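To start, the structure under review is shown below, and the notes come after it.
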Amino acid sequence: MADLDELYREIILDHYRNPRRRGTLHGPHVHAEGVNPSCGDEFALDLRIEDGVVTDVAIQGQGCSISQASGSMMAEAILGKEVPAVEDLMAKFRLMMGIDEGDSPIDPNRPGSVLGDLEALQGVRRFPVRIKCADLPWTTLADALAKAEAGT
Amino acid sequence: MTDLGDVRGDFPLLGRTFEGRPLVYLDSAATTQKPHRVIETIDRYYRELNANVHRGAYRLSAAATDAYEEARAKVARFIGAGSPEEVVFTRGATTALNHVAYGWGLHRLGSGDRILLTVMEHHSNIVPWQMVARLTGAELVYLDVDDEYRVDLSNLDELLDERVKIVSVSGMSNVTGALGPVAELAEAVADTEAVLVVDGAQLVPHAPVDVAALGADFLAFSGHKMLGPTGIGVLWGRPERLADLEPTEGGGEMIVDVTLTDAKWAPVPHRFEAGTPPIAQAIGLGAAVDYLEDLGMDAVRAHEEAITAYALDRLSEIPDLTVYGPRDVATRGGAVSFELGDIHAHDLATILDEHGVAVRAGHHCAKPLMRRLGAVATTRASFYVYNVAEDVDRLVEALWKAREVFGLD
Amino acid sequence: MTDLGDVRGDFPLLGRTFEGRPLVYLDSAATTQKPHRVIETIDRYYRELNANVHRGAYRLSAAATDAYEEARAKVARFIGAGSPEEVVFTRGATTALNHVAYGWGLHRLGSGDRILLTVMEHHSNIVPWQMVARLTGAELVYLDVDDEYRVDLSNLDELLDERVKIVSVSGMSNVTGALGPVAELAEAVADTEAVLVVDGAQLVPHAPVDVAALGADFLAFSGHKMLGPTGIGVLWGRPERLADLEPTEGGGEMIVDVTLTDAKWAPVPHRFEAGTPPIAQAIGLGAAVDYLEDLGMDAVRAHEEAITAYALDRLSEIPDLTVYGPRDVATRGGAVSFELGDIHAHDLATILDEHGVAVRAGHHCAKPLMRRLGAVATTRASFYVYNVAEDVDRLVEALWKAREVFGLD
Amino acid sequence: MADLDELYREIILDHYRNPRRRGTLHGPHVHAEGVNPSCGDEFALDLRIEDGVVTDVAIQGQGCSISQASGSMMAEAILGKEVPAVEDLMAKFRLMMGIDEGDSPIDPNRPGSVLGDLEALQGVRRFPVRIKCADLPWTTLADALAKAEAGT
């Protein structure tokens, strides 16, 4: 059951049990919601972008450890980043998870160097039914970015 | 534990192993595995008998028609129907319920009328009524469940007033396993104008059902949940109710005459079977019924009570595990939903799957009930004729492993 | 005669003999025989893969879901759909047509609106529209057929006025074999508000179909008429049309959320697939599509033209035999209806059956067309990929015998 | 194909091509209609019963040789009979055809002695799909008798 230990790494359970940036934003922001119809997982986020920079983010939702940890890590990772950097992160994440085709960007010799904590989600790749759990916050983020762009 | 004998060998899929361990299949409430007899009946149908029914003037087609109608007679006998004409073949329980919702409700309900359901219903026994309510202006009202997960009848008298034209209830919950109050509702409805519809998707596979005694006007169930193929279900109706039910699908075979402007319906039950029916699937369901009758539905039920009692017992060993469902196995079936600590149902299912134990996780197509229970998602183990005590042991073992993975101590 | 090679050996049922003579199966317009590949795919599904789809959090269920969705993708590719999401699995062509009649018509038609059909339609493409017309106050109008058994478009301009909201036409008649005027109607409809529905039950199995070029908004067909199992059919729709189609069945799997009072639909195509779908049947249809693609639909069509030409030719040898259908094989498929002297179709079918030749007799679920043709019942021989010239010869031989039995000289 | 010759005996084809008592009745009578949904055969009859005797009968319909010949022979056979005798004929016919269970009433040594021309329909028994063709006029007759009785 080594695969299971890879899947449920300490850090994932930590983000699941103590999600970062949980809450809602006040003031100007965009809001996007995602749901995984096959399992019922829900994720939502409030995103504030100012001068092309993510200046605040808050997440809501409920679901499995993978979707909620993925969302929590994502929120931390995007805060303070410029939109193109967020998009780059998103692309790298999708490559790492095997959602988009292409080589994984992760450097096996320097764990954490490319995607930080998010690299802990690599174990999900061995569980194809769970990949969409990990991806849910990211499709919701893409939605939020599209809204933000449409709003400007 | 069981009077059924060792039936596992009859189910080829249960011989599959996952990473060296035999599959423990605990998702029969979603769909059951199929015995050789059913698989081979379908196979033989396509190899030796395949032809369209009710149409041909040649022997092959007559033989296919006989086999199809014989399956109808088998199903009728299985549920104690007065005649095969009371049995309509549909695509599944969902379609059967929609037949009643549209065929009865759409033509009879109006603004001010009410449909009485319970909060423990499967989406298939809620959404069709919502759709028809929207089209007719009728309103839905619900019976609640009590702390024992049973349908709460304390305000039945109040709810069942003259506005209620349809009462529809599950015979057995696919989430909590609780038996529905069919007898009580039948008695209450008898004094009213309302018809009683029973969603038998979980009841018919798991307990002896005799429609002559059930007190229902309509009964819906699915073949795939009772060892039969996918793509087939049944709507049983009292003859006088079927006679008054409007067909909801038009097409070939359900008419005696069609002109450019009008059509005359065929007799019941063909009236409700527009187009080419699921022929091989009906015949396959007939074989499943034969198999269940050989086991004996009393024995099936006894086995289910025994294995459910054993499972509830063993699950109670596990700390932080909450079962959503009645404790008394006499009042319930073999679908056992639970939560384990803060482990989300999906994570739990993944961990169990890694241990070769197949369970379902989620809302089980019963979101209103889940909300009522205060659960977002549960893990469900459900049992059927081929499950044995060892399956429960494997489940329990894997649940302990899940505690480890999630660091529950 | 054929580029298909010897495929008969692929069809186990065609190896059956009746009283020592191999079966000559000429009723493929009613339902086709199934190749080993399809039968074995279904068999293997139940033995190795059986689980409910879109539900489980375990590998077996994920594998079943993948196989089910892969079948959808195969069907989409087969008809040239832009994406698998354009393909809805139904119980059959009849159900698919009812989905459009109710899901489009019930919610959009009103008194004064019109539905334009043709007199050559199958009951499955008439009765649903009659039912919806009755519920909405809409009216049916019909294009006639001409002396060549083709749909008469001479008064199309007149009939296709702004009141027409739906046009529904068969791609190929199951009685006369005539191809429907899909291209012409598509062009005419393009300038109007109307949607074009094509009943492809006979077209899709027998000719290459590319929905990107067809010009239709919806296309319905059945698996069992194209080497697939019973209990499965397809509704294809343009994405923007499917998005506007209301679901006609409620239940599990077709929702993203359900509360006591309301439900939110799942995305297309799941919105139209309430309840447990015909899983094994969809996967079986995928295998049928694989088989047809291996043959090549151009070759299938070429073979059909060749054998139909041969049949029309040989039938013309027989005195007093009247064929109801176009002579030019480029404009028709392989369903050949005929009458022989004063021998009633049923008597003829019985005599042919005694000679091992299976044909259909009757009104072929197209009573309005039969009335238009002035025939009460016809005998129909219909051909498919496994039929060879010798089948036609056996038919002709048996027809001569029928003349003898009835003392025609 | 001996079975076929048994099925399509000369006399059946004769009744098919020259149905007896075809037409409609004027004056008091009952009317009944039958249809065989699986093949579309239709049969209808007008029946006049006076003082318990079938004093006139006329038939209509269209369909295969078996159903139409059966109707034509039936019409001839019942004319002039008292109602109980008609019912007896009906019962014997159904036994002969194997529709009702029991021994066939036909005397193999004296063909035609029990049911007259109708005995020619025996060949239909070998063709189970066609039995309902032969039976259609008789179920229609049963209907007509019931109507007649209800009317008195």
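Note that the chains take the letters A, B, C and D in the order they are written out, and that residue 1 is the start of every chain.
One rule holds in what follows: a residue touches a chain if its C-beta (ideal position, glycine included) is under 8 Å from a C-beta of that chain, and two chains touch if they have at least 3 such contacts.
Everything quoted here is computed from the prediction, not taken from an experiment.
The geometric centre of subunit C is 39 Å away from that of subunit D, both derived from CA atoms. Rounded to a whole number, the gap between the C-alpha centres of subunit B and subunit C is 31 angstrom. One finds 47 Å separating the Cα centroids of subunit A and subunit C.
The residues of subunit B that reach two or more other chains are 55, 57-59, 257, 345-346, 350, 361-362, listed in rising order. For subunit D, residues touching at least two other chains, in rising order: 38-39, 129. If you draw each protein chain as a dot and join the dots that touch, the picture is not a line, a loop, a star, or fully joined; it has some other shape.
Every pair of chains in contact is given here: A-B, A-C, B-C, B-D, C-D.
Of all the residues in subunit B, the ones that touch subunit C in their complex are 12-13, 16, 18, 23, 25, 27, 30-31, 33-34, 38-39, 42-43, 46-52, 55-61, 91-95, 97-98, 101, 119, 122-124, 126-131, 140, 142, 222, 224, 229-232, 247-255, 257-263, 274-281, 345-346, 349-350, 352-353, 357-362, 365, 367-368, 371. Taken together, the subunit C residues at the contact with subunit D in this complex read 342-347, 350-351, 354-355, 361-363, 376-377, 401, 405-407. Within the complex formed with subunit D, the residues of subunit B that make contact are 54-55, 57-59, 62, 256-257, 266-267, 270.
Across the complex, subunit D meets subunit B through its residues 35, 37-39, 128-129. Within the complex, the subunit D residues that touch subunit C are 1, 3-5, 7-8, 13, 16-17, 38-41, 62-66, 127, 129-130, 133.
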